[in-house]
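Shared between the two complexes below is subunit A, which pairs with subunit B and subunit C, respectively.
What follows is the complex of A and B.
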């Protein structure tokens, strides 16, 4: 009797271990089971080829419509107006980079009129703003105008340890190396009207940079300007108070570190009034450079770039040509696979079950 | 001369990696249950939603944090340029895998591939083959029965014992739902021979 009772309980226990009879637990879920066959793969290649080639053509045409003019003014183009027969780069080197300034004028001609919105950039080559230690050398809290000492990340540009002992405002290597050339355009004898607001990211200007309270006292007495700057942050744009101090848009643009060693940053935008209503007319122009920024010691180069834009950004033919190339490769693959599919007969690869049965039949009926 | 900044560049690379890796995984999967569909598409969607929220200015204002990536998602995801680049790189990275798989399945299928294709696609051919085969098997069954019946009468013994009317054992057959075939049991012919010898 006790034996039977035990086996019944065991039997029930064993019964309850069985998983429930649902589709999930018994692995009967409905599933799509795709297999790549010729009927699905060949149309895929064809469709990709047929869509990528027109997209590529559109992109190439859009990029060709963007007009661009570069002027490299690092050394030979930019001859000093004060010292005879020296380039501005040479003039700075002769003064041992002690903050000398140099002006030069470069004459050039635009052979096509740049219609629409025109943007002016400064470009730097061989300038590694993406160096890791450089990128970390900033204090975002200080840039929001908060109280407190400058962060130790800004070392060695944290405070003026040799002089007054005050913190630098703004601190860090990124801020210290701010681009400080002044570039302006003359159309004949007329100044080309440009604007220096609206060039930084709107999110940056809204959230990341804020002047502290009592800004003029902050920038002039309680804090020092960074060692490589000629003026304090409160003198960056004295005409517009929203564009002064940390909120100066040139400063904000510079603080957005570039990803590549060859980069350009937005400098000014054309203000379309009077002569420049439709853009830059074609003709002779003069670029007036106040050359402050030395780059020759690390084989860097500086450029001034005038460019229109499209919905895709600046001039970028590479994307269009890549699309065309991928489209052509797809079409070639389609043709090759189509020919192979029709001509390459494999020895009945699919009659796995049926071949063996057919073989069987032959044996038993003879 | 690029205008892109370091954080946007990193974000673009990260996004492309996430999308491409998920799609490559999708190419490897054989059974697309609803759980897999959900996982795959939700991974990609949640990636985009997460970064749009995390890098937004409202998030930065609410939590009063200031970091490098604020505004990056907005500046990258709302330009057409980024989506074109994403599409191109997905095509460049996924098409070779797709070509390789197609070539393998169509021209060099291994046993698993053949079985999968068999199971999914060859229904009509198999149905025709089965009906034809079944008729032949039924004919054979009639013959076997009649030779056994003859064994009860006088004079059929030598014919039976000669082995010409034997139903040979079928080493390749298997019971399957498709074919509905019955075993021809080897023991049946042995019984016949024993019976004939005892006569």
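What follows is the complex of A and C.
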């Protein structure tokens, strides 16, 4: 701001051009001028160290308490029950995945009981749901049940151009690649009771996904099912109409595109009744897989994941260890600088006094 | 001495040295000299206004020249340098993260953040801190600057903006972006961020990181600020608050307003995740720890 002084006042009392003498305009605003000294910085490091390390320990312990069991069923684990010496992956490739299904049974044991709520996920590896062309390939207006043509972003899964010419419902690559394996658990010979309610985001289910009017007609006659689907959207859960069509929770969960190429999605939640009142008991289990979803062509892998949760979430000790690490770094910094500060003060009493005086008067020299 | 000769003297100095020249004058015969010099200062007064009209800076009396140089000159230099460096820093910090994300999305060009939040980053959420730095920051009071004219040297030797300083700030920005991205990535790698077992999507990660970036970038402005006026406080805390406000509103407009379907429900799910809050305590502090030590 250039300084402006008074104009010469004529004897004709001209209006003064002098700018207002306020603190803001004259750059005199009161200010806190923080100079980081040892007295202010050292306590900061100490406090950070003393709070972060306990937090970290709590978080690590919490994560260690979460129990998780992963089963990779992509190829060799999942042997077809019908064709001899073939994995389901091979069976799917041979049949060109049209119409044929493959089932397999995988036996495993839980050596600890999973107490409390237990969640079942399917995990995919090397699957890029975060690819740009994939992420944009959806039509959110269609998913609201609105009338109108499917959006062009859905191409090449917009409409059945080689066949009937009808739009796909739902359109787009995300919808078309919906995960369609079925996974169920047997405890000995007993079915493990699960529910598929409450697996999707509540806002998605309530607001973003709505079936159109006259849904049955919409999904079966006026629109086609996506090319890779075996059934139409109206057959996703025929027993529960709120979970059918676009409002199917498995579908909604799938449409939330994952951030990383290794991800998991919530599949089912344990229904805690009779045998499973307290969770999954220790013992022998069998995973029954209807293997529909081909991943071997792009070196992808599939997993079935059983996990409990903590008050925070799943099993991930990273945050806990980070807190501990940063806390330790702060404590080390504190100790090092504390020693330096004290020894410098001892070795240079005069300079230290001068520096204190200077700090108090807030004079800086170049 | 004629006007032309005055101008030629300035020209001579300009040509034979590397120095920046300043010419001050009050009459019409000084106009040539004022215009030839790098910085022209005109004195508006008894001799008329021609010199003032031709100049870069106008003062009312000759004695104000000292204040112009020693106070406003130094302040302006330091402020300008800070604003420049900070503007590069805050943009590099945010946008380089798209590069780190590219390593994880097959280099497909998918953005981690929602497109309008990216666009409004410079316009709304990080606009106020550089303004506070550029308009209000001062290392010392005006009285101190006048009492110790030797401080003027600070603005003459390229100390605040040169190649080394510039690249240091750029590297600092990259360092912050690495910490912000990779710590958040590791924090959410297993996806399950809720006690009810649900998982999120790429925007959940993106919005968490974006919030951390706003914190880091605004607090960095505070760290670089030599003087915190109440307007500086408003600029920094207000920017952070404006992001929270925008985020909450933006997460609730679809489908009432046909915009941003992918953001629907985001605020609720970000704020209800304990991972977010724990990360908020840890990750910005981790990023700024080195800067804090360096400033100390």
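Some observations on this one:
One rule holds for everything that comes next: the second predicted complex is superposed on the first by the 328 of 366 C-alpha atoms of A that agree within 3 Å, B and C clash if a C-alpha of one lies under 4 Å from a C-alpha of the other, contacts with A are read in each partner's own complex, and residues count from 1 in each chain.
FYI, a residue touches a chain if its C-beta (ideal position, glycine included) is under 8 Å from a C-beta of that chain, and two chains touch if they have at least 3 such contacts.
This is a predicted model, so every value here is computed, not measured.
Aligning the two structures on subunit A places subunit B and subunit C in clashing positions.
After overlaying the two complexes on the shared chain, residue contacts for A:344 are found with subunit B alone; subunit C is out of touch. Of the two partner chains placed by superposition, A:283 touches none, neither subunit B nor subunit C.
In the superposition on chain A, A:227 makes contact with neither subunit B nor subunit C. Shared-chain residue A:31: touches subunit B and subunit C both. After overlaying the two complexes on the shared chain, residue contacts for A:140 are found with subunit B and with subunit C alike.
Residue contacts after overlaying the shared chain place A:269 against subunit C, while subunit B stays out of touching range.
Subunit A residues in contact with subunit B (one complex) as well as with subunit C (other complex) are 29-34, 36-37, 41, 44, 48, 52, 55, 59, 121, 129-130, 135, 140-141, 144, 201-204, 207-208, 256-260, 262-266, 311-314, 316, 319, 322-323, 326, 330, 333, 363-365. The part of subunit A that touches subunit C in the complex is made up of residues 1-8, 24, 27-34, 36-37, 41, 44, 48, 52, 55, 59, 117, 119, 121, 128-135, 140-141, 144, 198-204, 207-208, 253, 256-266, 269, 307, 309-316, 318-319, 322-323, 326, 329-330, 333, 362-366.
Per the touch definition, subunit A reaches subunit B in the complex via residues 29-38, 41, 44-45, 48, 52, 55, 59, 121, 123, 129-130, 135, 140-141, 143-144, 201-204, 206-208, 256-260, 262-266, 303, 305, 311-314, 316, 319, 322-323, 326, 330, 333, 337, 340-341, 344, 346, 349-350, 352-354, 356-357, 359-361, 363-365. The touching residues of subunit C, counted against subunit A in their complex, run 44-46, 57-61, 64, 67-68, 72, 75-76, 101, 104-106, 108-111, 136, 138-140, 142, 144, 148, 150-151, 153-154, 183, 185-202, 204-206, 226-232, 254-255, 258, 261-262, 264-265, 268-269, 273-275, 278-279, 281-282, 285-286, 289, 292-293, 295-296. Put simply, subunit B touches subunit A in their complex at residues 1-10, 30-35, 57, 60-61, 66-68, 70-71, 74-75, 79-81, 84-85, 88, 91-92, 95, 98-99, 101-103, 105-107, 109, 111, 113-118, 120-122, 125-126, 129, 133, 136, 140, 168, 170, 172-173, 178-179.
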